[in-house]
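In what follows, subunit A forms one complex with subunit B and a second complex with subunit C.
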Partner chain A sequence: MENTLRQKAKELLEKGEVKVVIGYGWNKQKTHTTPVFITKPGDAGKLVFNPLCVNNLSLYLTKKFSDIKALGKPAIVAKGCDIKTIAVLISESQIKREDIVIIGMTCNGVVYKQELWKGELKPEIMPTKCHNCDVRNPLADFVIGEKIDFKAPDEPTGMVFDKIKGLDKSSNTERWDFWFEHFSRCTKCYACRQICPLCYCERCIAEKNMPQWIETSAHQRGNIAWNLKRAMDLAGRCTFCGECERACPANIPLNLVNQKLALVVKDAFGHKAGYDEKVHPPMIVFNMEDEEDFIK
Partner chain B sequence: MTEYGHGSFEPKIIAFVCNWCTYAGADLAGTSRMEYKPNVRIIKLPCTGRIDPLFIIKAFEKGADGVLISGCHPGDCHYTTGNYHARRRWIAFKSLLEFTGIDMKRLHFSWVSASEAIKWVDLVNNITDEVKKLGPFVEYKGLNE
Partner chain C sequence: MSNKLLKKENLGKLIDALTSEGSIFVAPKMDAQQVVYAPVINAEEIVFDYIVPVNSFKKFLFPQTEPIAEFNINKEGVVLKGIEIEPKEIIIFGSRPCDAICCSSLRSVFNWDFKDEFYNRREDKAIVITVACTKADDSCFCTTVNLTPDSPNGSDILLRETTDGDYAVETITDKGKKFVERFANIFSLNSQVPSHKPIADVKPIAGIDVKKVKEYLKDTQHYENPLWAELARKCIGCGACTFACPTCHCFDIVDEGSAYQGKRIKNWDACQFEFFTLHTSGHNPRDTQYKRWRNRFMCKFNFYPNKFSSRGCVGCGRCIRVCPVRLDITEVMEKVSNQP
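After this line comes the complex of A and B, so read on.
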């Protein structure tokens, strides 16, 4: 699988079809994979693909990384879930489909955190998204790897969804206490924003201070405002790549808020983010028949 | 800020209203000399589509006990579709706040047209009573201590 990937990358670079291949490579100790940017055909051997490839590389296609954009047309090594994010980026006119080459990797799942890797991929160390994955055989320009026979469960299952169900059942006070405790650990490092491929605003509202909508200190007032605002901005867009939660140094369960909103959007507007790049994100369009029993 | 202690608790309710319908409706209630609870503080915006979810969070941060959001009936928007977009946003935002444990009795949405002064008066009175029963929004106010 890796050899085919390297071969393909080399071929694309040699032919000049792309100027850079965004993929995964080993770190020095070979314990983690990190993003690599291959510009010379000779370096294609650095590319790897294994269950440690957790990063969502579509982040590097956004305007946050203008230096990568300056290199020229990219090819991106993407798992099925990463391609969902690329589809959202295309639907939001951030990139053009013809401007990128997608090398889709068939994938049996990745680890939740790279530190959990003990040489074998077990269901216990896989994140919830992998248990519900319906894109193990991605749609891409080139698909590398053997076809995988896996059927996603009809109803979303796994830790994230179980916790959402549990919170839905609990009382307002319990929910408030739960989130109060988690948000109180937020230090406003904005790692969630930096790693999110869909948080691509050139100027974030958190950085505006005339007026200051979100307090910059790590006070609970601003923490709540920031986390709710970011969840709200991702409503109907989040593809559940889980990168924000993985990047969070305070282990705030951000997947819960994002997936809760994804479920709400699916129920209310019948939209699932990342499956069709030709469909507008649900929050910028409307339907005359939208639910309004809560409006007096 | 809040009237703790002396007698009963009087809630502070922030109303975000649109310029063309609800504000005109509230204005009509005033010019018709209708009486309603003075707990509501009206903030006029061009359209309900202008109401960012952060406005609501900010209102709670600054000590609101309840928030009312009101605009034109569907189809009546001065800007044709502003309230349809707003309605979509509220569906998501309401669920998000519910999920974080904020009591939905503190957040109200309504359509009030320019001629519905009576609806506006009833709405404000009802919401004030409801929020009064809930008491001060201690969860959020606790953040300021």
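After this line comes the complex of A and C, so read on.
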């Protein structure tokens, strides 16, 4: 699989079809994978693909990475779940389909955190998204890897959804206490925002200070305002790549809030984010035929 | 070397004695499935099997969010009132040598041109009790930056684990000595020389020469080397590394409240944030992420050690562990060491 990937990357670079291949490589100790940007065909051998490839590299296709953009047309090594984010980026006019080459990797799942890897991919070290994955055989310009026979469960299952069910059963006060406690650990490092491919605003509301919509202090008010604001912005857009929760140094269970909102949007609008690059997420469209009249 | 012993079973007594006097006892404890420095009220909360806590203890000396003044605007004009703090005594138990040394780094920056009384008063009331490392992971690199897993610098008291599971006590500063005297009933006299657990074997990273890194960075010709873009292209611009770092100290001043009254607050800031250097004119001298990352690296190995005698990087490895894209500072140090 890796050899085919390297061969394809080399070929694309040699033919000049792309100028950079955004993929995964090893860190020096070969304990973790890390994003790599291959610009020379001779470096294609640095590309790897394995269950440690957790990052959603579609982040690097967004406009804020101007120095990556300056390299020229990119090819991106993407798992099925990463391609969902690319679809949202296309639907929101952040990238054009023809401007990128997608090298889709068939995938049996990744680890929740790379530190959990002990040489074998066991279900208990996989994130909830992998247990519900319906894109193990991705749609892409090139698909690399053997076809995978896996049927996603009809109803979302796994730790994240179990916890959401538990929270749904609890009282408002209990839920408030739960989030109050978790958000109190927030340090406002904004790793959640920075790792999120869909947090592409040129100027985040957290950085607007005339007026100051969201207090920058890491006190309860500031932390709750920030985390709730970000959750609302992702409603109907989040594709459950899980990167925000993985990146959070304070282990705030951000998947719970984002997936709860995804379920709400699915119930209310029948929309699931990341399946069609031609469909706009429901929260960002204005429709004259809208059944609700409060909006007109 | 003193001949005092701190028995693990006496930690509870020590915590009780201190907390009953109103002191704060900070130690490594589990919070949200990870070990962090946090206040504890009994010994059962303390985690003993850890490498370094995910956060540093700087937040107890330099809080992430701290009001420094209050203001009121009335008919007569603006009434500004500075906030005076009177911190409680704080004991940092279970510090690591790499963390302990951060106090001198923070003290130099907070006393360089302006004496920051918020920091000074807090640090004056802090007692750092370090436990020498018997374990390390592959992100630890203290020996590469010329520290050791049992270096005493910055600690008031240095503890070494004994094979019996207790601690051999070495007092480093006067503050530490007085602390041990004050709790003479808890720090027991040891009749025999205890056998210590072996100190962690942290090998310096062979390809890194910190002096060479510093020399390379000093030469301004290297500032625009394409190397920086290549090495730091993957940086996503979050503040995880700077907030986890025991020596990063940048802050931002904000006003919170209504138009008529409120507080002036000092908040942690990070040079990795896009708007950190944004000028009012709209110009941003560090307009891409790799330039921000280069700045942090320059700060650690050039600006800081040139300006102060204390350290910019202590080799704790937190920035490596916490980085969502695994940008490993030691890989950059190695590349820079090998530049012609």
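The rule is simple: the second predicted complex is superposed on the first by the 285 of 296 C-alpha atoms of A that agree within 3 Å, B and C clash if a C-alpha of one lies under 4 Å from a C-alpha of the other, contacts with A are read in each partner's own complex, and residues count from 1 in each chain.
The working rule: contacts are C-beta pairs under 8 Å (C-beta built on N, C-alpha and C of every residue); 3 or more make two chains touch, one makes a residue touch a chain.
Being a predicted model, the structure only gives us computed values, none of them experimental.
Once subunit A is used to superpose the two complexes, subunit B occupies space next to subunit C without a clash. In the superposition on chain A, contact is made by A:195 with subunit C only, not with subunit B.
Judged by the touch definition given at the top, the superposed model places A:82 against neither subunit B nor subunit C. After superposition on chain A, the vertex angle at the CA centre of subunit A, spanning the CA centres of subunit B and subunit C, is 90 degrees to the nearest 10.
In the superposition on chain A, A:245 contacts neither subunit B nor subunit C.
Annotation: superposed on chain A, subunit B and subunit C show a minimal Cα-Cα gap of 9 Å.
The residues of subunit A shared by its contacts with subunit B and with subunit C are 219. Put simply, subunit A touches subunit B in their complex at residues 167-168, 172-180, 205, 213-214, 219-221, 224-225, 228-229, 231-232, 235-236, 257, 260-261, 264-265, 268-269, 282-288, 290-292, 294-296.
In the complex of the two chains, the subunit B residues touching subunit A come out as 53-54, 57-58, 61, 74, 81, 84-85, 87-97, 99-104, 108-111, 123, 139, 143-144.
Of all residues in subunit C, those touching subunit A in their complex are 31-34, 54-55, 64-65, 138, 229-230, 233-234, 236-240, 242-244, 252, 254, 256, 265, 267-268, 270, 273-275, 287-290, 322, 324-328, 330-331, 334. Listing the residues of subunit A that touch subunit C in their complex gives 27-29, 31-37, 55, 59-60, 64-68, 114, 182, 185, 187-191, 193-195, 207, 209, 212, 215-219, 222, 243, 246-247, 249-252.
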